[in-house]
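For clarity, chains are labelled A, B and C in written order, and residue numbers in each chain start from 1.
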Amino acid sequence: MIDRAGRPAAARAVKRLVEAAGLLLGVVAVSFLLFSVLPGDPARTILGPNASVEAVENLRRTLGTDRPLPEQFATYLGRLARLDLGRSIIDGRSVGAELTGRFRVSATLGLLAGLMAAGVSYAINLGVFLWPRLTPLYHLTRLGVVTPTYCSGVLAALLFGVLFPLVPLGGYGSADTAWALWLLPAAVAALYPAALMTGVLRQRIREAAASSFVRAAAATGAGPMRLFHATLLPVVAVSWLSVWVNQLSLIFVAAFVLEVIFTIPGVGLLLIRTVQDKDLPMLQGIILVNASFFIGLSSLSETLFDWLDPRRSVDASA
Amino acid sequence: MRRPDPRLWLPVALFAAAPFALMAAGEARDPFLVDTARAYLAPGPDQPFGTDALGRDLLARTLYAAGLSLKVVAQSVVLSLVLALLLGGAAGYAAGRPLDRVIGWTISLLYTVPFIFVVVAILTVLQPGLERAYVVIGCIGWAAPARLVRATVIELRGTRYVLAQRAFGFSPTQILTTTLLPRSLLPAVLSLAYFVPELIGIEVGLSFFGLGAPPPTPTLGRLIYDGLSEFQTAWWLSLTPAGVLLAMTASVLACTHLMLRGHVAPAPTP
Amino acid sequence: MSTTSRGPLRWALVLLLATAGGWAAGCGGSGPEPAGAARELVVAADNDVTTLDPIRSQEPYSLRVIGQIFEGLVTLDADNGLEAVLAESWSHSETYDTWTFQIRRGVHFHEDDVFGEPRTREVTADDVAFSFERLVSPDSYPAFVLADTLAGVAEFQAGDAPGVAGITVTGPHTVEFRLQQPDPTFLHRITSPWFTVFPREAVEQGPDVFGRTKAVGTGPFRLVSRSDTEVVLKRNAGYWRPVDGDVERLVFRVIRNEQLRLSELRNGRLGIMSLPPALMPAMTDPDRPARNDGAVALRPELAEEFEALAFPTFNSHFVGFNCERLDVHLRRAISLGIDRHEVVSAITRGGATLAASTVPSGLLGYQPPYPDDVHDLERAREELRQSAFDPDNDRIQLLVHEQDNADLLGQLLQAQLARLGIEVDIQQLDYNTVVDRMIRGDTEAFVLALEYVFSAPEPILHNIFHSSKIPVPNFWHYANPAVDSALDDLRAVGDRETANRLAQDVERQIVDDAPAAFLYQSRHVVVFRGDFDGVAYNGHGTPLLWRVRLAEGDGGRE
């Protein structure tokens, strides 16, 4: 029981890596199975509604989509083992190259939104802690979660067009995108996680504030600023941050939706088309990159949390 | 564990009845009556919410849609909550052991494959349909709150209160049901309650794959989405259903807070 | 508390995690502002420009860009007349089964590295042969246009022949097309931007380059850069013919949300945008409907700054039936029971003309057999009585999808047919699935629109109604021996007037057999800044932007 906590950090890291690899393999297998049942036929998609049945059958043979599923999966795994994500069935472009650029765009948006959400939840809780009169502000954040992302996204964009008629809203794909343009979709994507994180942080802080050692710290005459940062925050940090890591996945989903509204050339814009076209290599590529990102993030955060809060690793073995 | 305050059942009963009441109110005004001569009427005495492109009464459609969406989303949320408490609690209690590994693995899997496409794929194999879609969503949506539950359980397990319970010979099930799960309820319920508008919106995504409600059945998500494409000409098409959604979500959130406040909040201080 | 002792270091690490966002954002990158936006025209695209490779293009947004970069042998001008482009002249055998093209001399491809020095070369008959062979290759989207026409395509597609036997280069600037059967309308098969000419050197760069970062043609504009959301072109300085227009830089900007597109137009950052039906009421004057000459009246507050025109394009919107599953009386009843005037006003809001048959009006002088609606409730009820359909117990399943307002149309038809006593269940699916089910015959009725690649009546009719085309593109599984033989006979008729008259007879028969209830032909409505001159779209929906003159001073962007 003690072994997990007592094991050297390196061994634990290796173990995490093995687990992550296993999970990734699982994701690949499950998503392959899932998407192979999607309706549609890439050969028909390539040739369109006018092509003859023979032409489509010919192409299916060339593409290999007429092969049994296990064989297709084995071929795919073989290529993956050589670190080759393959090519799009629909138009032959390289999946790896396509995804690198797009994922970077989505990650920009997602992480920016994540930072905004964390910042808002921190700032509001600090504000309410220092000046209880600001409590209505806390309730205000909840407004962010009353409409679906696509609705707040479109309304925010239209409002922006009215308020700042001179600032182009778009052109996210080109090199001259202004930095500030990212803020609008990111803020919309941050609405939901900001509300949730503010709520969770507030709840945790109230609990912690009631505990004996915080009351003891307060009794020593530490100022509220110091009390918040030095005593309260460290206690609640891990659960707050784990909520953050948790929310990132949802933030990314929201970011995908916003990409469609704001025409941002990220993964989201690609995803819908890929599913409708049943472009399996591209789809698997998206899942794989997405999964690697989140699995990496969660391993990293686990390691970090262990370190931030040594109780966790001991506890985990109990 | 204390018995729940009987007064708490009132809002629960209200919420259970609301979908049916809303749908009935909508049907009374006929949400399906097409009359193109009355297309695009702005809100007025005869049509408080205005009319849509086919001249249908938007109030009727919104009420009906609100009831329908509330019904299926509520089912899905309850399902997710039960699964999250069960699986998240079990994982948290068995942290580090194989059970936790298996559950954690499943959660990560659900997390890393975009949610909606798992739903799409499953629904393609099963029969599509709105109710079924939300059951599938409920069966997947437990992953996020389950992580919160697991984290809370792990955190609480180390407290002196729980250690004392253990020392007194409480069984793991007792500790889970009397102490750990009630205290994990808040974050789980909150994360799901906050997600209600998004869950209503997911129907839009599903309808692109033909897996949502078949037209002309209105859902709240679809009404808002379709209305937004005509926002600058017919603002009422999107803003009135969005307003209803806002009111609905706000009351769900308010009730959740009300029900949970004082009921599960007192911390088992060390 | 032990957690506070190592505090600062831990928080530094947390920050590190957070700055990952900063890294990614930095890579998303801001670069230098583009050079002076003089004589720039920004055209809005409603959806992603997925590719610039003609054989892969499946949607109008990329075809409109392809039409600026590439040119074919012939095309359609602003009045939809035939225009010689890379073909200087042509001739055909007496039986219309061999066509010989003289390729225009002195036309050069856009300057590009793929050619080595001197970075360009003249277009020859070999390029035409290469391009057409690629256009009918097994994975080419537009291959269906020539698959049943050009000799040797079937063998080539099946992999039994190394090339297409029907294409012969007979001289450096002469190429000959041999057809499987006579076809007087062959030229009208190849007027769309799909059938254009591109150099082998560019194609050989592979699918990651050609059509994505590189597109080399002979057109009036050449590619500067492309992403899925923005394509930048500039004027081709070496264009082979004199140009009236003065656009130096041409940008296609994708804005998927129609409301944002409108807001960008109003804010002056778009020069031209197309109007989908959803925006028609927002933009047009409700009191003054679109006129038949193409002028569309804008709302007074927009009319000062903008102008709008509606261009006829070759398409047909309809609800199709599976003839094997719905009997002819029921199909007729539905076709007669639909009020097309209501459909056109409620669904397209002036963006379409009523069409009770499928071949677009005005195509090579063609006049449809029924100029107005065929709506007749009396006859519809009579047909319904003769049908095996039992209104009390039977229901029809209608498939709709996310494109062309199909779901709204489906809902209106459902209401109209309910008045007739026919109950309709609507099922919404994604477009590809609807097509899939139509082909498999797994449907009773479906809402669909066809964009016609052919700019002549005969190939359109033959392609979708000849029984040899079951199940694709004869989706309706429609077989009428009389129509088959009439269509076969039409392939030998060279005289335009006779051909039009015979085609009209065929259409009359088809409307009577009702494999579909044809509803309307949508028009391409575009809004542009009022100080532009020469804005025109041809029947393929291709904008002829090389003719556009911008106002003095600025372009679409301020």
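The working rule: a contact is a pair of C-beta atoms (placed from the backbone, for glycine too) under 8 Å apart; a residue touches a chain by one contact, two chains touch by 3 or more.
No experiment lies behind these values; they were computed from the predicted model shown.
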{"item": "Chain contact topology (line, ring, star, complete or other)", "value": "complete"}
{"item": "Interface with more contacting C-beta pairs, comparing A-C to A-B", "value": "A-C"}
{"item": "Cα-centroid distance, chain B relative to chain C, in whole angstrom", "value": "42"}
{"item": "Centre-of-Cα separation between chain C and chain A, whole angstrom", "value": "37"}
{"item": "Where chain A and chain B are represented by their mean Cα positions, the distance between them in whole Å", "value": "21"}
{"item": "Interface hub residues of chain A, defined as touching at least two other chains", "value": "39, 154, 158, 276"}
{"item": "Junction residues of chain B - those touching two or more other chains", "value": "208-209, 228, 231-232"}
{"item": "Sequence positions of chain C contacting 2 or more other chains", "value": "257, 259, 263, 429-430, 433"}
{"item": "Chain A to chain B touching residues, read off their complex", "value": "4, 22-23, 26-27, 30-31, 34-35, 37-39, 142, 145-151, 154-155, 158, 192, 195-196, 199-200, 203, 207, 210-212, 239, 242-243, 246, 249-250, 253-254, 256, 271-272, 275-276, 287, 290-291, 294-295, 298, 311-312, 315-318"}
{"item": "Touch list for chain C against partner chain B, complex", "value": "257-259, 262-263, 278-279, 281-282, 342, 345-347, 400-402, 407-408, 410-412, 414-415, 425-430, 433"}
{"item": "Residue numbers on chain B that touch chain A, as the complex places them", "value": "95-96, 105, 108-109, 111-118, 120-122, 124-125, 144, 147-148, 151-152, 154-155, 157-158, 186-187, 190-191, 194-195, 197-198, 200-201, 204, 208-209, 221, 224-225, 228, 231-232, 238, 242, 245-246, 249-250, 253, 267, 269-270"}
{"item": "Chain C - residues contacting chain A, complex", "value": "1-4, 7, 10, 13-14, 17-18, 20-21, 24-25, 27-34, 48, 50-51, 53, 56, 58, 138-141, 143-145, 147, 157-159, 206-208, 211-212, 225, 227-230, 232, 253-257, 259-260, 263-264, 266-269, 429-433, 435-436, 438-439, 463, 471-473, 475"}
{"item": "Chain A - residues contacting chain C, complex", "value": "39-41, 44-55, 58-59, 62, 87, 90-94, 97, 104-105, 107-108, 111-112, 114-115, 118, 154, 157-158, 161-162, 165-166, 168-179, 182, 213, 230-231, 234-235, 237, 241, 260-265, 269-270, 273, 276-278, 300-301, 304, 307-310"}
